[in-house]
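Take a look at the structure set out below.
Just so it is clear, A, B, C, D and E label the chains in written order, and each chain counts residues from 1 on its own.
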Amino acid sequence: MERVLDIQSLRKSFGNNEVLKNINFSVDKGEVVCIIGSSGSGKSTLLRCINLLEKPDGGKIIYNGRNILESNINVYEYRTRLGMVFQQFNLFNNLNVLNNCTVGQIKVLGRSREEAEEIAMKYLKVVGMDKYINAKPRQLSGGQKQRVAIARALAMEPDVMLFDEPTSALDPEMVGEVLKVMKELAEMGLTMLVVTHEMGFAKEVSDRVVFMDKGVIAEEGEPEQIFNNPIQERTREFLRSTLQAV
Amino acid sequence: GGGNASTGEEESDVFRVGLEAGYPPFNWTQQDDSNGAVPIDGTSEYAGGYDVEIAKRIAEGLGKELVIVKIEWDGLLPALESGKIDAIIAGMSPTAERAKAIDFTDNYYKSDLVMVVRKGSQYENATSLKDFAGAKITAQLNTFHYEVIDQIEGVIKETAMDNFPAMRVALESGMIDGYVSERPEAISAMAANENFVMVEFTDGGFETSDDDTAVAVGLKKGSPLREKINEILGQISEEERQDIMDQAIKNQPAADN
Amino acid sequence: MSFQLVKEIFLDNWPMYLRGAGMTIVISVISTILGAIIGLLIGVVRTIPESATRGKRVILKVVNTIFSAYVEYFRGTPMIVQAMVIYYGSALLFDIHLNRFVAAIIIVSINTGAYMAEIVRGGITSIDEGQFEAASAIGMTHFQSMFNIILPQVIRNILPATANEFVINIKDTSVLNVIGVTELFFQTKSITGNNFKFFESYFIASGIYLLMTFTITRILRHFEKRLDGPQNYDLVGNQMQV
Amino acid sequence: MSFQLVKEIFLDNWPMYLRGAGMTIVISVISTILGAIIGLLIGVVRTIPESATRGKRVILKVVNTIFSAYVEYFRGTPMIVQAMVIYYGSALLFDIHLNRFVAAIIIVSINTGAYMAEIVRGGITSIDEGQFEAASAIGMTHFQSMFNIILPQVIRNILPATANEFVINIKDTSVLNVIGVTELFFQTKSITGNNFKFFESYFIASGIYLLMTFTITRILRHFEKRLDGPQNYDLVGNQMQV
Amino acid sequence: MERVLDIQSLRKSFGNNEVLKNINFSVDKGEVVCIIGSSGSGKSTLLRCINLLEKPDGGKIIYNGRNILESNINVYEYRTRLGMVFQQFNLFNNLNVLNNCTVGQIKVLGRSREEAEEIAMKYLKVVGMDKYINAKPRQLSGGQKQRVAIARALAMEPDVMLFDEPTSALDPEMVGEVLKVMKELAEMGLTMLVVTHEMGFAKEVSDRVVFMDKGVIAEEGEPEQIFNNPIQERTREFLRSTLQAV
């Protein structure tokens, strides 16, 4: 199977706080990998490093065979291949819902306005926000914002989607719908890297689960193995507290 | 101390005179009291020049202490009207328009008009107004200097300028060919900058009225000081005035550069 | 001050006032727009993130130093001196004789640009980091994110400060008199110089100034409101099939 | 222009330059601070949400109209006119003889306040609505949220625009010479009036202006950095028991 | 039992969008009421109306026997009795974690700095953020921010706590811990009104569950009844889609 992303010895600190310590893992084409772990373990930081929003302190990020941390890489083109959904929505405040989903297509991918709007409407329907195309971000509820953010990322039709807790602000009804979309995308061959707190989702959809703890990957494996037979004590502990909470 | 020494209308033992302290040889600013300069109110500097010498004589005659207040030209009239100063002695001509707003004493100096041009230019040796046909000429804003330019036939009358330094720069840079001025200013300009020459009109100059070429002391309308000051000015003879002016031209700060 | 006099002075001199006001408004409108463009461009360049390649880093450093020097110099020195140096200096040193009006526009634009650059810097700082990140994440270059996402938001926030610049320019054109541009202030000065009625003549001028600045600030306020868009949005009819 | 001459002029006139610069800096520092305070206060009052009670609504409306008139008037008319009206007008009409220096501070502060009010308005607009809501939600009154939460953030964002005001004030004090305040510009005028060397004399003045504005913008930049705080934070030792 | 909040015929529209249509319900002292419902049904708007962050178009909000929509009510004092936790955190950006939790106590309640810090530390420990007192909001992860926001509200020691999806941005480990705190608070007699998507939480902790749908209260009752025997068809549908998603 083709390897899309290969993370090698990735390190990142903020001041005296070592957030990522020697991270190694890879994602194959078409794979859905879920990252779980407690708050502050570095999951968001890992995703941001992969997208180069954060500059790693060391290590390699190999995308389709090339280390994108090398200087001769076109970062902008690389980023269009990655779709990113943020924990905090980050919709463009100056644009309405429709234009949030078209601006990247038109300005970065060079699509025509018509084509871009058609594609945008397609994904806005998927997330159930097609009625709100005239709304400005500040007029939307949290859940509505996140759904638009997902549509915006999908509209770029990227190779790999990075989700940073995409459903944490969604209501359960919507979680189901978005899940369905994500499954469809997975079947179409889309590679996905999903930080999530939704254990049900991780269990059902992912090909592989990565458990992060205090800046390291403590354990990884197939969902059945991680959820039913975790090897590490800390994984067991995390899952125990998680599952009993719900 | 600031201007709080002002006491408005009431009788006081000081004589406050407003001037720009930047128009030699009539008035200028210097840093010590040499050559009889007088301290400027509220600063550590001194004012000297022809106006200051006249002001000293008037104050003496009035039996009051002279206080020099340094105010920009535009502020002189409101300062006088609002009682911040008692008199304007700033090389001001008693034009008819001005006389509507304030009173003037008798003249304390009279000069004539000349033209300041660049040395080596075609106008250096001009003798009459006719020689300035086709020349770019300007003068200071709000002076009759600017109006008399119209007497030159075929002249290119440029926009009036706010102050002499700007006109001098314009002349030096070639943007204008000359500016109209009064003899004392022109002498100062020549003394200070070897690129300037004064053209005196030996062959027919500007027609002017006495009001325009003379300078007088400005007073508030109906001021009781007017007669007294006229009396004092009457005691200064024409020769003495010329002496004071010669002395002022000699003493002005630019002269020792 | 007498109102009878004010009326008389206005009737005697209105063509002068009007011509002066016309010149003032033309110079300040053009220059504020040009200055704002300069300020925005500098803001965009200044926020370019540090590049990985050494060569680009050095170029950027040099460009930023030039911009800083520009801002410091033109903010830091009196416009009257700039006007003299640019207009007469270019004639003295290079024998370039600029058209007075062109010189005026250049001087005021360059000056406004220096102030606007700082205002824009403040405006960019106040935009949420997430906006930059989301723009980067969809592959926008620095310039694309700036022009499509950040600057539209910045412009909204700095409109009041830009209106200030406008108003300042309307009044600051007065120093252009040293290069022989006859705008409103200069005209008023001529009028007072003639009639010696300071308060009355300037009362009229103040009225004209107020009219100009008031009109301009109203226009910009209206613009602010339009940029904000409607308070509420309308739902689009629910068409289930396309 | 000759540098030999510049040196000579400086050596001859440095006490005049220095005293002028001192006056300029004192007036503009005090007035910018007072003006900023006026601007912030107006910003606070202007953003008071509509009250439920009719009486308060009317009062607020009146106060806001007064503030708007203040801003429009003092932004809209030339400071030279304001200076004349305040200093000479108060003497003429009310027989109030202000100290020149006090008058200068009043004039420049009021003027700066009008500009700052608009800058502050822009700054408040750029703060996220959520900040107001969270402050209201813990029971803060409008004034409490403003002073504790909103203004500290606004001040950070408007520092560059405030630096602009500062710099403008340093240069605008020049109009004060119509009321007899001898600041740097007037002194320079006197010096050129004496020596007839425009470029050289103003070259020195420009250098002094640059020095003043540069120092002030550095200080404010430093202040900006300090307000931003450190890029990273340090964890506090984990004491499990108190 | 004492009635703390009584909402009568509450209405609120945004433009042509009628978000709350004749809402009627009440909360008794010591009760924990959960509001569930799909995205956009008006849950956040209801909470914001109760806190007067949104001005209702009509109806009454009766708090301890007084209609707080009347003009002679001291709104500020009323708000200190309600603690609010937002969906979007809304930490004070200019203050560090500790000061976020003390500013209201000092400025509004008039507590001394010492006392305020002690109380703040107590609740910061509860949410596990006591190590981060020097951090500025922008330096925190989403989960960390929300935990601080909860501590900030708790530090005011209000009569009624309003939570707008307090755990939606928290990781499951933390959900358990926060739940525990909330239970403790409930036992201490704190009244709570919680908008949540966490059905497990609603089931376990609440005394009563309110189901909102398109701006009306479609159904309310004890958790057992709502979750096991919903009367309305739309409640059944919502719960079906919700539970199958997880």
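Assume contacts are C-beta pairs under 8 Å (C-beta built on N, C-alpha and C of every residue); 3 or more make two chains touch, one makes a residue touch a chain.
Bear in mind that the values here come from a model prediction, so they are computed numbers and not experimental data.
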### Query
Can you tell me the least number of steps between chain A and chain B, where a step is a move to a chain it touches?
2
### Message
Counting one step per pair of touching chains, how far is chain E from chain D at the shortest?
### Response
1
### Query
So which has more C-beta pairs touching, B-C or B-D?
B-D
### Fraction-based call for chain D against chain C, same above half, different below
same
### Query
Rounded to the nearest whole Å, what is the centre-to-centre distance of chain B and chain C, using the mean of the C-alpha atoms as each centre?
38
#### Entry: CA centroid of chain C to CA centroid of chain E, Å
48
### Query
CA centre of chain C versus CA centre of chain D: separation in Å?
19
### Query
For chain B and chain E, what's the span in angstrom between their mean Cα positions?
80
### Message
Quick check on chain D: which residues sit in contact with 2+ other chains?
### Response
84, 89, 128, 156, 198-199, 232-235
### Query
Going by the touch rule set out above, which residues of chain E reach two or more other chains?
14, 88, 139
### Query
chain B: which residues touch two or more other chains?
74, 78, 163, 166, 169
### Message
Which stretch or stretches of chain D touch chain B in the complex?
### Response
8, 13, 15-16, 19, 80, 84, 87-89, 91-92, 95, 97-102, 177-180, 182, 186-187, 189-199
### Task
Within their complex, state which residues of chain E touch chain D.
51-53, 71, 76-80, 82-84, 86, 88-96, 103-104, 107-108, 121, 130-136, 139, 149, 152-153, 156
### Task
Please give the residue numbers of chain C that touch chain D in the complex, ascending.
72-73, 75-79, 81, 84-85, 89, 115, 118-119, 121-123, 125-128, 156-161, 163-164, 167-168, 171, 174, 185, 198-199, 202, 205-206, 209-210, 212-214, 217
#### Entry: Residues on chain A engaged by chain E in the complex (per definition of touch)
14, 37-40, 44, 87-88, 139, 141-144, 147, 165, 168-176, 179, 197-200, 238, 241-246
#### Entry: Residues of chain D touching chain E in the complex
52-53, 128, 130-131, 133-141, 144, 148-149, 152-153, 156, 229, 232-236, 238, 242
